[in-house]
Structures are given as C-alpha cells and as structure tokens.
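Presented below are the structures under discussion, each in the form of structure tokens.
One chain, chain A, appears in both complexes that follow, with chain B as partner in the first and chain C in the second.
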Partner chain A sequence: MRFRSIAGWLLLAMVLIATAIVTSSGKAISEQDRNAVLEGASHRHPAGTDSLGRDRIVRVSAAFLLSLTGAVAASFISTAAAAGVGLLAAFSTAGVGTLTMLVCDVFLALPWLFLLMMVRSMLPLSTSPADSALITFVVLAALGWPACARAVYQGALRLRNSEWMIHARAGGMRIRQIPRQVLPNLLPLLLPQFLICVPAFVVAEANLGTLGLGVGEPLPSWGGMLLELGNSAILMQTAWVYLPIAVLVMALLLLESTAREA
Partner chain B sequence: MKRHLLLKVDLQARYGDRAVLKDVRFELEPGEALALVGTSGAGKSTIVLSLLGLLPWRGGTVKGEVLLDGLNLLTLKEREWRKRRGYRIALIPQSPMSALNPPLSLLTHFAHAWKAHNKGGQSVFKERLNTVLTEVQLPIDPEFLARRPSQISVGQAQRVLIALALLHRPAIIIADEPTSALDPVTQNQIVELLRHLTRLHGTALLYISHDLVSVVQLCDRMAVLDAGEIVETLAVKDLGLARHPMTRALLGALPVPVDVLLECQRQSGVKEFSKSA
Partner chain C sequence: MNLLSSLFRRLLRMATVVLLVIVGSIVLVRFAPGYLSDAREMDARYAEGARNELATEAARSGSVGGMLWSEVRGLLRRDLGVSRQYEVPVVELVRPCLAVTVGLLLKSMMLAWIIAGCTATISNWGRSPVSLPGRLCHLTSTVLLAVPIGAMATMCLLADSGGPLLVLTTLLAARDFKFLDRMLRKAWNDPHLLHARAQGVSTPELIRVHLLPGIMPQLGSLATLSILTALGAMVPVEVIFSTPGIGQLAWNAAMNRDLPVLLAVTVMMAIAVTASGFGTGSRPATEWQTA
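Moving on to the complex of A and B:
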C-alpha cells in the first residue's frame, strides 16, 4: 500500500511537472532557436537544445505527456477488447470459444514488430504527425489484447460453471446481464493487465520511434529523440534524456505489482 | 372432477452414457409441499437442474416432460424458459455462501434478480424488496444491503436466498437441501420460515432433503428417490406404513421412531392452530 501510494504520487508529480513545463515555458515544441543549435544548458534553455535548436526540456516533457496519454488510452482499449472477447468466448458455445482462442493464438504468434513496421511503412509519407501518433497507439492496442483475452477466457470459464452462476441462471438472468455479474469478479485480473500494458506500450512506442516508425516529427516522442542521437558522442553527453522514461516505467511497474498484491 | 395440477413431471436424464435419472414421476398441486427424499447420489440435484432447464450447463441431457401450467417446459426455447425461471419457478440452492456472487452487494443481487423479469419500476422494486426482507426477518437498512456476501452469516445468506426466491412471488419454489449447511438452531428457524411463507402465499414447495425430521415438519407428501427412480410416494402422515426397503432404511436412521415424530408434529400443529385461532 505504501509503495503503491509512492508510485501514484510520483506519477502524478511527473505529469504535473511536465504539464507545467509545456504550458508555462512559452516555447512551442517545434520552435527553433537558430542561434543556439545543439547547445548545452543555458538560462534560456535549461536542458539545452537539439540539432534543430529546439528546447530539449519542453520536448522531453511533451513526449512524456504524449507517450503516457497514448499508452494509457491504448492499454484501456486493449484491456477492454480483451475483456469483451474473453467473455464472449467463454459464454458462447464450446466451438466458438475454441475458435476464438485459436485466433488469439495466431495473433500471439505473429511477429508483431515486423507487423508494426509493415503497417507503418504502408502509410503514405504525407501522414500528418497527429495521425502517425494515433495510428502507432491504435496498432499497439490492436496487438496487445490477445494475451489478456486468453487470461480473461480462462477466468470467465471458471465463473461460467460456478454455483452462483447456476443460481443466477435459476433466477432468470438475461444474457445481457452476464457482464455485470462476471466483470466484477474479473477486476483483480483486468486491473494488473491494464497497468502492465501501459509501460509495455511506452517502451514499444520508444522502440518503434528508434526505427523511425513511431510518432512522426515534429511531434516529440521518446523514440524520436533516441533516433536523433545516432551519434554516440552526443549520446554520452545527454544520457539523462532517458531518465524520465526509466522513472516512468519503474513507477508504472511498481503500481502494477502492488495492485496485484492488493 | 379432475384435480388441477401445477406441475407434472416425468423425466429421464443422463450425463453422456451414464443414466442418472431413469424414471422420475411426480405431481405437484398448487400450494402443496412435496418432499423428495433420497440418499446422496440418488440424483436429487440432477432433478433440480432438470426442472429449471439448467442441466446442459452441467453437461447433461434431459428427456420426458415437465408440465407447468399444462405447458411442456422441455420443448420450450431458451428465451421462453428464461422467462419462467425465478418468475414462476424459483430455486433456493444448497450452499448459501457459494450461491451468492462474491463482489456484488446484497442490494445488487436483488436488483439483478428484479431486472431479470421487470423493467423499470424502481418504487415497486423498493416496496417488494422491503416486503420480502421483512418476511425473511432480515434488516432493511441500506447499510445491511450494501454488504457483500462474505460480510454476512450463513444463516443470513440462506435468508437472502429465500428472499430472492420469493421476490417475484413464484408458483413453485424448489428448495435444494436448504438446511444442510446450517447449524441445528438455524436449520429449525429456516424450516419454520419456509413453512410459514409457503402457506402465507400459497406457494407450492418441492423440498429436496435427506433430513426426515424437517420433511415431517414441512411437507404434505414425500417421494423417495433411489438410484434415479422414485420408488415410493406417500403422505407424510402415513409414513409409518412405508413398504419400500429404501424408505424403511431412511426411517430406520431417525433418532426416534417415526410414530413419535409424527405425534410430536401433530401436537405442535394443534398448538399452533389454537394459538392462531
């Protein structure tokens, strides 16, 4: 419980700080300072600038917010889809259930990184940055659900034959009442699933960005920042850029592990 | 004149190759209390699930007929079946604790059961809820109704299940060993409650049990089930005349001779009668 509140407060603090930096600095994420390209820390740019003269701290903060929002949304969609598919499979006939799980297995066996690259490279070059961000997270959500759906299916299958389910049926339960009876029982399974997907998606987006297939410029993203650091000399100097993502992922994992215990 | 029958049952049931119910026939008149007695494994719970059309969920199949109001339920589509479950024919299950959905509050249980058959009518629901809760002698305050099943006692849980069964004022209540998980004192209270409420509302009761003492307290007739067959049906007051070895074995297991038990019951019945008169 203590760790959980620490992780929660840490996340909240990071979100607040990032929001404050982005809104109060008065600099846009794509605003270039031509007189200060690749500069170190200064009064005008507390964390220096990148190769295009854009303020680093504003971009890191914006990337943080974008990444977190996208990952949370994608994780929510993915968990909801998993809950829906798992329930549907468990409460329909055995044939439908087996078939659905087969589809899940196929999804799980897909080389997802390859697939992501394929989907992203099929998009036209003129895709707007906002669209590219949206598509990246939608694709992540679309690939994240099958593992969770399997877990939901197994859990729901146990509930389907439980004593209280038989009793609810004996009371004339309607089919559309099933989710409201079953989902509260699956919450201890869905919540950790949701929380573990968030850091996984943050990291997945960063990986894609490193390959240049994630969120498009000029929108900032963790991966995009790694990309511009192809020069290892610069990488050495600005290693701190990765601190936020490390703290974020750790906070999220801590939240997840304590939620599972609770 | 032909008697009016509420329920006429003639069924066979099997799980895969294994026949569990070979020949089960009985009839139930409105307001009557019939006991279905048998040893463990005689097929009592299978009868319950068959009558509610829920045996497929346990992997079984049913043949024959279950006539309710002259309509064979076994030929009904699931949609039509569902409308009768809990509405015309309700169940009080065996183990009170596992029959309630753990994360849901008691109020949610009642709300779900109500919405299964009635749309809207929040004020009607509140009124009926208070009535049934009072009938089973449970508190009606919101604090109690907000509790989860794990926060109430087994006796209270059994009362909640009786209240759930009474919610739609069904014509038949099937009570599947409703007292087997309870201590003797609570057992007695629940049996009294069932007797009082079924008589009050004229509800027919199918009482499934292996406890003959409660059968004598509660029922008019008794059917003895042995290895998937009903081997003997007789009036409870004629229990002493039982012939079948299975019935005799059940009677032999009583702590007192059955005549003594019947006499006690008759006297307590007379007392009750004089009290109410």
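Moving on to the complex of A and C:
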C-alpha cells in the first residue's frame, strides 16, 4: 500500500511538472534555435538543445506526456476489448468460447515486435507525425488484448459457475444484464491487467522508436529520443534527460506489482 | 491411446494456430494503409516501363488470396518465397541468420535461467516477504525492466563493454526472476511444505523431494515466456550490435518493405512460440511479452 501511494504521488508530480514545463516555457516542441545547436545547459535552455537546436527539456516533457497519454489510452482500449472478448467467450456457447480463445492463442503466438514492425513498415511514406503516433498506439492496443482476454475469460468462467450466478440465471437474468453484474466483480482482475499494459506499451513504443519505426519526427517520443543515444556528444552532455521516462516506467511497474499482489 | 489422441489434438491445434497466424499476418499487412505504395515508384531512375511493371506487380500481389497462395507455395517449395529486396529465395537469407540467432538465444536463456534461479533462491532464503536480499533483487529487476532493451544495448555499445549476450541475458534474467520468485514464494508456503519444514526436514531434501516436483509444470510456462521475451528483444539487440541474425534480417526487411522476408520470419517466430508451448505442454504464457 505504501509503495503504491508513493508510486501514485510520484506519477502525479511528474505529470504536473511536465505539463507545467510544456505549457509555461513559451517554446514549441519543434522550435529551433539555430544559434544554439547541441548546446549544453544554459539559462535559455536548462537542459541544452539537440542537434537541430530544439530545447530538450520541453521535448522531454512533451515526450513524457505523449508516451504516458498514448500508453494509458491504448491500455484502456486493450483492457476494454479484453473484457468484452473474455465475457463473450465465457458466457456464450462452448463453440464460440473455443473459437475466441483460439483467436487469442493466435495473437499470443506472435511476437509483438515483429507484427508491429510489419504493420509500421507498411504505412504510407507520407504518414504525418500525429498519424504515426496514433497508429503506433492503436496497433499496440490492437495487439495487446489477448493475454488480458485470456485472464478475463478464466475469471469470468469462475464467476459463471459461481453459485450466485447460477441462481441469478435460473431466476431469469437476461443476457444484457450480465456485463452489469459481472464487470464489477472482474474489476480486481481488470485493474492489474490495465496497469500491466501501461508500462509495457511505453517500453514497446520506445523499442519501436529505437528501430526508427515509432512516432515520427518532429513529434517527441521516448523512442525517438533514444535514437539520439547513438550520438555520444549529446549523451555526455545531457544523459539525465532519459531519467524521467525511466522513472515513469519504474513507477508504473511498481504500481503494477502492488496491484498484482493486492 | 489417450496419449496419442491428446498428442494428435495438440498437433492439430498447433497447425491451426500457425495457419491462422499466416492468414492473420497477411490480412494485417494487406490492409495496412500504405501497403500498395512502393518506395521504388518515387525513384526517378526507374523508366516508365519499369514503373508499369511495378504497378502490375503491386496489383498482382494486392489480393489476400494471391498473397496467401504465394506464401503457401513458398512453404511447399521450401524456399519461403522470393525476397523483393535481394531477389533470392528467402530460405537462403534465413539459413545463415538462423544459426547465429539460435546460438545467441540458447546461450542467453541458459545463463538467464541460472542467474534468475540463484537470485530467486536468495530472495526466498529469508522466508520473509520483506527480507533485504529479496527487496534488493526485486528493485534491481524492476530497474532493469524499466530500461528499454534498445537503450541498454546502446549504453553497452557506447561503454564498449558487453555484447548482445550480456544484454539479452540481463533482460531475460530480470523477467525470469520475477516469475520464478513468485512461483517459489507460493510453493514455499504450501501447506505440505510448511508441515515438512515444521517437522525438521532438511532444506536440500525439501527442495529435491517436494519443491522441485511441484514447480516442474510451471517451469514449462517459464520456458515459453523466456522464448517470447527473447524473440521480442532480439531485434533491437541484433540491430544495435550489428549481429547478422534473424532480428537484423527482419529489421532490414521492414525498412525496405520486403514483405516475403518479413512474413517468413514472423511465421517462423510463431512456429517457434507455438512449438515451445506444445513441447512444454503449456499455452503461450499470458505474462507480458514486450521486451
């Protein structure tokens, strides 16, 4: 509980600081200062600039917010889809259940990164940065639901065979009432699944970015910024800028493990 | 007879999953927004005739049925199709890379299992969930999992120390540790083990006679999880360290929109994962797979 609240407060503080930096710095994420290319920390640029003269602290903050927002949204979609599929499989006929779980197995048999690479590499060459960000996180959400759906299916199956559910169904509970009755009981299962997805999606986007297949420039993303790691001059000057997002993932992992234990 | 029928059922399921993977991958790629655009069409060096040929080729490979047929034909001919980029059978590109990747994966998985096993044992040694070694091991594995594999590999490269084996082993050990630790903690507190401990049975005997047989089935799931994690991680690692393996081949294919190679590699990965689930008697682990 203590760890969970520490991680929660840490997350909130980081989100507030990043929002404050992005909104109050007065610099746009792609604004270039041509007189200060690859500059170290200064009064004008507290975290220095990148190879195009863009302020790094603004870009790190925006990347932080983009990664977090995208991952949370993708995780929400993924968990909602998993809840729907899991419930459908558990409360429909055996044939539908088997078929649904077979589809889950197919998705689980595919290593994510390969599918993501395949889909991202097939995007039009003229995809805009905003679209590339949207597509990256939508694809993550689309590929992330099966593991969660299997867990939901097992939980829903237990509920279906529980005494109160048998009683309710014998008493004439209608199909459309099932989600309303079952979902609250599945929340303790869905919340950890949601929390597992968020750091996984942040790291997946970063890994895609490292391969040059993540969110497109000039939008800042953690993956895109990791590409700069190849430039040792930048790394030596401002290696700490990678810290906030590593702390974000750690806080999310901490939240996830405490939720799992709870 | 029961064993045979169960084996047959599992084989059938595996074949169905692989077939569905092929169909699913093709559908996913075919309906990706930019599938029909070809980078070569923008190259001014191509003559009008060549452009027309490219358009004809795109139209020919535009139907899902056609793509599926060419993939199945490649599998039947055992050449896995022809690479768009290099214009050679995919199998010729895959074979040398496969040896490199399999060697790397086997070595890193074995090392990771040893490290994870030792740290999980140390973590559970105090038999208290709040023991200091346990907390330290957990903290270390959380920190390691918070760093993307690409960043870890680049750091190693810049520091000129370690290589693909070290990076992969570190990631796998961190992930396997979480799984093993949870498993051992649960097993260690099982009623029959508590009883045996209370009766004064020695620790080595407890582990050999009671603990290991109890956790053996779950080790199968751990193997599947390790394979999944390793397969996901090998692309950034091989790309960053320029290791001539399957991961780098897949990345090159993705950058050059070489669909036959990418599809063949994806199907091979799916077969590896399904086969590992088949061999260990478990479904693909539902633990998180992203490296």
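As a convention for this text, the second predicted complex is superposed on the first by the 255 of 262 C-alpha atoms of A that agree within 3 Å, B and C clash if a C-alpha of one lies under 4 Å from a C-alpha of the other, contacts with A are read in each partner's own complex, and residues count from 1 in each chain.
Everything below uses one rule, namely that a contact is a pair of C-beta atoms (placed from the backbone, for glycine too) under 8 Å apart; a residue touches a chain by one contact, two chains touch by 3 or more.
Being a predicted model, the structure only gives us computed values, none of them experimental.
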item: Clash or fit, chain B versus chain C on superposed chain A; value: fit
item: Which superposed partner A:147 touches (first chain B, second chain C, both, neither); value: second
item: Contacts of A:123 with chain B and chain C, given as first, second, both or neither; value: second
item: Touched partner set for A:180, first chain B, second chain C, both or neither; value: first
item: First (chain B), second (chain C), both or neither touched by A:200; value: second
item: Partner chain(s) touched by A:167 [first = chain B, second = chain C, both, neither]; value: first
item: Touched chain A residues, chain B compared with chain C; value: C
item: Overlay on shared chain A, then closest C-alpha pair between chain B and chain C (Å); value: 20
item: Footprint overlap on chain A, comparing chain B with chain C; value: none
item: Complex contacts: residues of chain C adjacent to chain A; value: 13, 16-18, 20-21, 24-25, 28-29, 32-35, 37, 39, 42, 138, 142-143, 145-151, 154-155, 158, 228, 231-232, 235-236, 239-240, 250-251, 253-255, 257, 259, 262-263, 265-266, 269-270, 273-274, 277, 283-284, 286-291
item: Chain C-facing residues of chain A, complex; value: 102-103, 105-115, 117-125, 127, 135, 147, 150-151, 196-197, 199-201, 203-204, 206-207, 209-213, 222-223, 226, 229-230, 232, 235, 242, 246-247, 249-250, 253-254, 257
item: Parts of chain B lying in touch with chain A, wherever the complex brings them together; value: 49, 52, 54, 57-58, 82-87, 90-91, 93, 95, 98-104, 112-113, 115-117, 161, 164
item: Complex interface listing, chain A residues touching chain B; value: 160-174, 177, 180-181, 184-185, 187
